[in-house]
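The block underneath contains the structure these notes are about, expressed in structure tokens.
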Amino acid sequence: MFERPASDAAMITILVDGRPVAARDGDSVAAALLAAGLAITRTTPVGGAPRGPYCMMGACFDCLAVIDGVASRQACLTTVREGMRVERQEGARDLVATSAGP
Amino acid sequence: MSDTREFDLIIVGTGPAGMAAAIAARRHGLSVLALDEQAAPGGQIWRAIEANAARSKTLDADYAAGLATVHSFRSSGAEALFGASVWNVDTDGSVIWSRDGVAASANGKRVLLATGAIERAMPIAGWQLPGVLTVGAAQILLKTSGLRPKGRVWLAGQGPLLRLYAAQAIAAGGALAGVIDLQPVTTTRAAFHHLPAALSRWRDLLKGLRWKAAVRHAGVPWLAATAIAAHGDGRLSEVHITTRAGERREPADLLLLHDGVVPSVQISRALGLAHDWHAAQRCWHPRIDAAGRTSEERILIAGDGAGIAGALAAVEAGTIAGLAVAQDLGRVDAAACVDEIAGASRRRAAYVGMRPLLDALFPPLPVRPADDTIICRCEEVTAGRLREAAKLGCLGPNQLKTYSRCGMGPCQGRNCGLAVSEIIAEARGVPVEEVGYLRQRFPTKPVTLGELAAMWERK
Amino acid sequence: MTDVVVIGGGLHGLSAALQLARRGKRVTILERRYVGRHSSTATAAGVRRLGRDPREIALSVVAMEMWHGMAGIVGDDCGFHAGGQIRVAETTADLAKNERRANETRAAGWTHEELIDRAELRRVVPSIAPHCLGAIISRADGAADPFRAVTMWRRACEAAGVEIRENAGVVALEPRARGWRVVTPVGAIDGEFVVNAAGAWARDIAALAGETIACGVKASMMIATERLPPFLAATVGATGRPLSFKQTAEGTVLIGGGHQGRNDPATESSVVDFRNLATAARIATELFPHMTGVRILRCWTGIEAQTADDIPVIGPSVAAPGLFHSFGYSGHGFQLFPAVGVALAELIVRGATNLPIAAFAADRLTTPAGE
């Protein structure tokens, strides 16, 4: 899908559904996922269909994911940090997810 | 939330228009608060420009031109908050936003909406599949994360951005499987009577031709097609292309769609401002005067959010609006600004003068999706469902709520809005402007119950 | 010339129209915008007898019978789900208030309101905050889908031969030898009887007929959240503070309670007041703590009629013969609409009704001509 030319940019590691994925410091979560060839962040609450980043600017709300335990976060508006946990949001967001906060 | 801070001017959006307005207003001593949802200024067109400059990656001259504006903005003395999602604006000048999970508000004597543009939705079969993104999204990925296309990557749609991104991607060392041009050929001839008005910007006209040539030179197939569809099981795997020679099926792992950009009107609509239908661009524009003033005394609009005219026109419009606010608040005489406004207006008119030619060369694609194509992505409502509703007597997008949940999901119609209006208009056999647009309401971005509950609580 | 002109294409207008058409009358509905434009689609759609003004209870009980048999009336249940309606007691004062209420309604002969203790409350609403002490419940109450109701009642009206004209606002009412001429900018229609079901504008319609009825407006706000997995079947209120809280079939949560925004009936516009709405959000998160991080997708406020005594105007006009009123539901008209339609149809067709609407007579709010 996408590739990143070699550079001396700082790289960090995030966890995507438990698996380590390399990300560039400053990437949005969505960019990091796409760079790793991962196009799916959630399944829809309506029909259970897989969805992922589409507009990359916060307008489509398709890139919702559970990030550091908080559900319905827009992956394209969230910047990666070392050790960040990104999980696929399955259907309607989990009620047990923690309350708002970064 | 204790005292609410007061500003002369609150600006929503730090793209070209927002930054230019801040710079102009600050020059006359106005207190300015600028809010942007992104992590840094530049809007979409100059996205990540500071970070890229630091890495010596400025893509091309147009992009690099934004750096000067960003530097002036950073040193203007405007207070800027990033990661701030504005979700309420009141006609009395109060603005509410959420940032890091906390909602806050401020009052402005004037509020300038500089929210820019969003991609026009291009609803094709399978556009909701993972692996289908917009060309704008790919451009953002290139600018913010240095990602270039690799593998079986197809571009489809129409418009200058299609050509520009293809050229940028190739220049960055990316690979494209092909560009699928859905633009009907006949429009080019019809466009030529707009040429004279656009000639003052002849360099920009030549750019478009150069981009296409660069793509051809790189050996990327450029196909004329009448329809495309995305296919795959849970993820994009194939693109079906309908050309005059027949149908082609091509493997694909990334499909990038583009059908032009349209003004982002969520806030202007939620404010209840009047909007007019623009027949050539097939979208609504908020009604403003030459300086960007609206029917609400405290609200102004500048840039692509008032009508697509590009980054450079947006800079001029932002400057004019900033000066108008300074005048309206009595901080500078009209006489002192006359020359500056005249200059900005003249330059803006030259950029705007290109629009009729561009609109004629790159008209939006007709909206005629098959019945089983999803239109409302959030609630998974198909074109067939909308046509059925129109047949049952549904007059417009707002009445649709009695037939389906179209427009009631998280994006609140941002993506499907125009397509919904077009589909209902066509089904009813009436002009789109008669059908109207989905009613927008505040909050224009989601806010949590906890954030709202905590506002105005005594700490 | 038709038999009945119904002014207002909301649920009360549709209800009257359907019952009249099924009793053999020719009916035309005149709707200024589109069917269901205002209150009928801004409502929280609670279907409750619980907590009603004593003057409304009898009518509400009749209506509830109809809700439980809705499929037999319009061929669809309109999304009605009898998950129960509850008012939670958060303090001992609330407990006492609930007890007084339960005693009063039982003494009046009604059995639908029942006191429940902390354990039973927790069983019915597992996610309720720990500080809640008990509740008063009406178990066979619930909530419905207002959009579905509008669609199904409209379809039933059309199937029964009701003519529906949209974009047809009424600008004049002229008495005729027999009945009324009802004038719109796109034409006039003569009808022997007129039903005024024009909601927040019903007062203006009455004035066109020369009748002055006191009626104001309210702008109750609602919140709709993103979809959540199912966690609540009942509709929950609080005895001590304003709240209505329910989860829809789609999983979204609707929060109301009568917190007021601003509206302007003349321009048919309304604006949410977030300062007031913050109170609704706070009460909701205090009663349902797990909701704190849930996202609000949409807020709205409608334009509803509000009478001085908080109960509607139902029945014949006192000043204008052949004119019948059905408006002023003050934020609790949704559950009543099926029954009121029957009452009006009986009044018009038979000249009388056995349904309990005497308390809603127009004369209590009408100013006689000349005063």
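Letters A, B and C mark the chains in the order given here, with residues in each chain numbered from 1 onward.
One rule holds in what follows: a contact is a pair of C-beta atoms (placed from the backbone, for glycine too) under 8 Å apart; a residue touches a chain by one contact, two chains touch by 3 or more.
On a predicted model such as this, the values are computed, not experimentally measured, just so you know.
Q: If I average the CA coordinates per chain, which chain comes out farthest from subunit A?
A: Max centre-to-centre separation from subunit A belongs to C.
Q: Going by CA means, which chain is nearest the middle of everything shown?
A: Chain closest to the assembly's C-alpha mean: B.
Q: Return the distance between the CA-based centres of subunit B and subunit C, expressed in whole Å.
A: Chain centres of subunit B and subunit C, defined by C-alpha means, are spaced 41 Å apart.
Q: Quick one: subunit A and subunit C, Cα centre-to-centre, how many Å?
A: So the centroids are 43 Å from each other.
Q: Counting in whole Å, what is the centre-to-centre distance of subunit A and subunit B, each centre being its mean C-alpha position?
A: Centres of subunit A and subunit B (C-alpha means) sit 23 Å apart.
Q: Two or more other chains touching the same residue: where does that happen in subunit A?
A: Where subunit A meets two or more other chains at a single residue, that happens at 46, 72, 99-101.
Q: Spell out, as numbers or ranges, the residues of subunit C touching 2 or more other chains.
A: 226, 292-295 - these are the residues of subunit C that touch more than one other chain.
Q: By the touch rule stated above, which residues of subunit B touch at least two different other chains?
A: Subunit B, residues with two or more chain partners: 409-410, 446, 448, 450.
Q: Under the definition above, what is the set of subunit C residues touching subunit A in their complex?
A: Residues 127, 226-229, 231, 251, 290, 292-295 of subunit C touch subunit A in their complex.
Q: Quick check on the complex: what are the subunit B residues that touch subunit A?
A: 37-39, 44, 51, 55, 83, 85, 100-101, 118-119, 128-134, 136-138, 140-141, 144-151, 153, 172-174, 234-236, 253-254, 264, 377-380, 409-411, 414-415, 445-446, 448, 450-451
Q: In their shared complex, at which residues does subunit A touch subunit C?
A: These residues of subunit A touch subunit C: 45-46, 70-72, 91-101.
Q: Spell out the residues on subunit C that touch subunit B in their complex, using ranges where they run on.
A: Answer in residue numbers: 34-37, 41, 147-148, 150-151, 154, 166-167, 223-226, 250, 255, 269, 271-272, 274-275, 277-278, 281-282, 284-285, 291-300.
Q: Under the stated contact criterion, what part of subunit B meets subunit C in this complex?
A: Within the complex, subunit B contacts subunit C at residues 88, 90, 96, 272, 393, 395-396, 398-399, 401-403, 405, 408-410, 412, 441-443, 446-450, 452-457.
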